[in-house]
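Should a chain be cited, it is by its letter among A, B, C and D, assigned in written order, with residues numbered from 1 in that chain.
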Amino acid sequence: MTAETSAPLGVAVIGAGYWGPNLIRNFRASPEWDLVAVCDLDTERAREVVGAQSEIEVTGDLAAVLARDDVAAVAIATPARTHRALAEQALRAGKHVLVEKPLADGVEAGRAMVELARHSGLVLMTDHTFCYTPAVQRIRELVEDGSLGEILFVDSVRINLGLVQPDVDVFWDLAPHDLSILDYVLPGGLQPVGVSAQGGDPLSAGKSCLGYLTLPLAGGAMAHVHVNWLSPTKIRQMVIGGSKRTLVWDDLNPQQRLSVFDRGVDLIQQSVDSADRRTASINYRLGDTWAPALPEREALGEMVREYAAAIREHRDPATDGDAGLRVLSVLEAAQTSLRAHGALVEVAAPAPVLEIVQ
Amino acid sequence: MTAETSAPLGVAVIGAGYWGPNLIRNFRASPEWDLVAVCDLDTERAREVVGAQSEIEVTGDLAAVLARDDVAAVAIATPARTHRALAEQALRAGKHVLVEKPLADGVEAGRAMVELARHSGLVLMTDHTFCYTPAVQRIRELVEDGSLGEILFVDSVRINLGLVQPDVDVFWDLAPHDLSILDYVLPGGLQPVGVSAQGGDPLSAGKSCLGYLTLPLAGGAMAHVHVNWLSPTKIRQMVIGGSKRTLVWDDLNPQQRLSVFDRGVDLIQQSVDSADRRTASINYRLGDTWAPALPEREALGEMVREYAAAIREHRDPATDGDAGLRVLSVLEAAQTSLRAHGALVEVAAPAPVLEIVQ
Amino acid sequence: MTAETSAPLGVAVIGAGYWGPNLIRNFRASPEWDLVAVCDLDTERAREVVGAQSEIEVTGDLAAVLARDDVAAVAIATPARTHRALAEQALRAGKHVLVEKPLADGVEAGRAMVELARHSGLVLMTDHTFCYTPAVQRIRELVEDGSLGEILFVDSVRINLGLVQPDVDVFWDLAPHDLSILDYVLPGGLQPVGVSAQGGDPLSAGKSCLGYLTLPLAGGAMAHVHVNWLSPTKIRQMVIGGSKRTLVWDDLNPQQRLSVFDRGVDLIQQSVDSADRRTASINYRLGDTWAPALPEREALGEMVREYAAAIREHRDPATDGDAGLRVLSVLEAAQTSLRAHGALVEVAAPAPVLEIVQ
Amino acid sequence: MTAETSAPLGVAVIGAGYWGPNLIRNFRASPEWDLVAVCDLDTERAREVVGAQSEIEVTGDLAAVLARDDVAAVAIATPARTHRALAEQALRAGKHVLVEKPLADGVEAGRAMVELARHSGLVLMTDHTFCYTPAVQRIRELVEDGSLGEILFVDSVRINLGLVQPDVDVFWDLAPHDLSILDYVLPGGLQPVGVSAQGGDPLSAGKSCLGYLTLPLAGGAMAHVHVNWLSPTKIRQMVIGGSKRTLVWDDLNPQQRLSVFDRGVDLIQQSVDSADRRTASINYRLGDTWAPALPEREALGEMVREYAAAIREHRDPATDGDAGLRVLSVLEAAQTSLRAHGALVEVAAPAPVLEIVQ
């Protein structure tokens, strides 16, 4: 790597509201990046986040930011419905783009973003933050190296007393986390056969405040996601059942976040008996449990590092636009299923994959 | 109560397999009952359960048992597909009948049993054991006395490494517990608008080994049940969200089985703003948690006591045949939904309610 | 093994109060044993435990029991103050003896029992039940095979809302469990340098209702025991810190009773610096955690099996009279320390070890 | 309050190492304070903490800081052995003083500080941070309002894999937390009858790496503290047993930090029976558990607020120099006990209490 490429990359953060400050903090702390501007219509808020005496430009003028030569990349942390327009403006100005999850507010918008980035030869990355936690990174390794065997089922629960969002329902607010994690750890990414969604609005808030997604996967496996804003107890747990071992991720137990159980049920053989019934020889394994040690590391630091690496190495980032698009496809199909009282809805095929050519 | 009615009632247990011994033990221990016979085709096994030197009759001849004058009631603990025939035989012999859950292997069979019992003026009780635990009794009280307010949602999880049953799937094996509890604690019993069922058979066992039931309830509330034979961790947890308080029942935490959270989300008011969007004033309560003390008491002891009381008082037991029938109706609708890839299926109305007249 | 030795051994249980019924149940269930008599002054209670129609002799006449040729062994489950007299009577009648913990109510009594058994060539076993649980058996293996390295510290907590005993304090009631476990798992058995005891009697019950034992071990290690009758929460946890790994046994967590942590602090080297201070290079290991699977097995069944094996093989049982005596030595020294406001008291050397000669 | 007194107070932080940055952050965030200087011999580190472009003075020259008229108060966050000299220098310059725990490295030093502050009419405060957590504030209320009844016992556990400190043992490092909490919540403060200390140095580190303090309290109550640097599991739990209720504080359970158990043992009456033994009628309460809601609030923010209030109101702060001195008295007596193999050592009486006169 030449001296030139290893110089910090200039970046501007667009949006200094809820998530922006986290991005700002991590870009500042990273040796890979040089945060040169923060853009928010509320410049007072942005100035407060950056600090009164900082040299970082604070502005409400996006065009001016995109005109700067020292800005190689932007990070967009605004409401989802604004993602497409902002991303397209930045891509057209030749900037790499990182977008807060979800990638957009619909599949069409997301697909347009992915295609524009591809044709422009620029990096489009989705900030699926959870994928950069030590826990999820380790889960992906355990799936990839075959420790779990074939994936049989996934059950994910993400519930707590949460903010009832004004513009989105609980699926669009919380499920992107679960779906992006599934996309990251499942072999081949998140490609369910379909999706069935059940939502509850017991407060008559005009949107689902709790709900369930069921995702049949290829080969008979099944994923299920439970999201809930109304639960007084906080649970963030994912069980990944494999043919060899089963993993439980309890994100609220810092002393043992991951447990790998060498326990399970095996179907040894199966035959048809004289009465024409299928019979099976069942075997139960009751083996040890193993809790891998995980480093303590902030996910966002890892995420901004990956953003820089993808740009420098002219490659797709680990959570690229397509990953964001696969999540959108499921969310949109879930909306359709909701309207159809939970009927199984096919998930739109993602955009055809093209390689970045530069 | 006269001396006559307070003499122990004679009872015969039919079936000495998995559950029968528990019934036998509790009938023996109860001052309300006199266990006079155990009937099982495998008389050797029955003899072993009863004890070599016991005076209790052990036989494979059901007709002989039903012919005994000192047998006022029977308890049936055989596979579900045999319940109807055995119950009808007993009812026709003038005996009160207690049936192991589920009441039958289908709604039609169950309805026939309920109707015969009614016309015969005899008690038909379903052994929904969990309803007689101190925890569920207390939950019912908390719902009834308004402590929770209006029920908004119920989420029930019953998963562990379980026996893959040869003749039934995970819904018929485990969900009767959750459904019978719902039937017992919900005001008006279990009367969902419909049911949507998703099942997974990742081992190709020929039946669902894990699955989910979603039950929209009247008024926008929603119940959800997760049953799973393949989970390496055991969870038995039910969350009942109410408009005033929310209850969490963790049956595996003997030190704090029930927690009542005075936490939640309130929708104070709702209006339509100038942009024609509904807006709501949300209020969050972050109050104390309260864990009521529960007595330690075996549920089955309470159940056999209720059986005796219903007979003596010529009334329906707390978990009567109709309760069993409501559970069957949901299970059967769930089967239909499973075949329809999770589509919402209406639940058959239970049999018209007739009062016992004696 | 000849046919003769493998015939069941005749045994009589003396005492049918709190613990006796458990022994009775396990002797009955064991193919190694033939329970022929139960002896209790309260013959009515004993009859109730045994069952009305049983052939087992129920009597209040100990001499008659000891005179029976078909009684090879006895098991004593009476208050500790009566152990010596009963055991000596049985040993003099040529019977092997199992004694409920603690072995006796003092070192002198215990030593007399041990010596008489030895001179008589009979087995004297202490019922240190916990040593026969799968958890403790596994802990012993992990210590023996070097998995933990050198033992650095042990911290044992056994607290809950317990019965305030009329005749003994909390040390004599609960600490025998912890001490007997230590004796079983520590290399060389429980041989502390001394013991310091602190007791609390905040209810003015006339005895310690909560207390702490500190046991400096050879080589700088330290064991500590916390027993408490007044705690509203129940904790049964033992931490065994080793130079290589540290084990945590949480007996109330059936899903993960044992956890072996590959975490710890190593002192790599140590030197004296110019300022004459010792300095050390500290190393922290932050490795994985491992939870070995444990079988589900009743400890008492294993204990009565070991009793039979010791008799048949003419050897000391795993928890012999000497083990009971080592526990008594600590308890008695603790009493002395209590009276001396917690001063460190030397623990009396156990009796010289003689081999059984038959 | 006049405009003058409500203007922010000028403060300088001395020491920018481990704890200093936390103080700096909280003084900056507080409207009560104006952080004007940070003093550290390592000015580079101090500059880094403060930020490159800050107007706050960064210096290594303490005399210059103390000479500033706009510095009304200092906060000392340096090693304990330097506390006395620094505090005396500041007090002589007429500055109020806050000192990191422990107040000093010995009772004599601490007493000198307390006396000088008193004679100078200046505030001397000990930063017993835990006392300002919502949990401890609530515990104090529950003790004060009689909810727990009379305190019977306290058991505090503070263990985890911790840094083996170069200059202090585990008692001086960790026990000040437990002791300062006890001092804050016990009626009348921490005034034990004596202290017995047992320390373990199984790594031959030249100091105790784990240890136990036993503190008999007036009236037969007992407090016990377990501190440990070598435990692979982290536990921070305090049980406070009262005559009416018992409180458990589990600081690592954010969902239920405090539990108040209405469970316990009562000694109803006590008499001397004919055999001259004391007998008692025991009563067990098995009531509900209650978990009070706690606000989420940073303790240090509350602490600096109290520092300002004490200065403005010419009163002692909640954790004043005397509180620090009582903690030192126990630590010093514990050192003596350690050398005496755990013998009970009397705790030096604290300095006579004088009121601040201004």
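Note that a residue touches a chain if its C-beta (ideal position, glycine included) is under 8 Å from a C-beta of that chain, and two chains touch if they have at least 3 such contacts.
None of the values given here were measured: they were computed from a predicted structure.
Distances between chain centres, each the mean of the C-alpha atoms, put C farthest from chain A. Contact count check for B-C and C-D (C-beta pairs in contact): higher for C-D. Distance between chain centres (mean CA atoms), chain B to chain D: 54 Å. With centres set at the average Cα position, the gap from chain B to chain C is 43 Å. Rounded to whole angstrom units, the spacing between the C-alpha centres of chain C and chain D is 40. In chain A, the positions touching at least two other chains are 233, 259, 263, 286, 289.
Residues of chain B that touch chain C in their complex: 51, 53-55, 233-234, 255. Listed in rising order, the residues of chain C touching chain A in the complex are 256, 259, 262-263, 286-293. Looking at the complex, you find that chain A touches chain B at residues 152-153, 155, 161, 163-164, 166, 194, 196, 198, 200-206, 209-210, 212, 214, 216, 219-222, 224, 226, 228-233, 239, 241, 246, 248, 259, 261, 263-267, 270, 278-280, 282, 284, 286, 289, 341-344.
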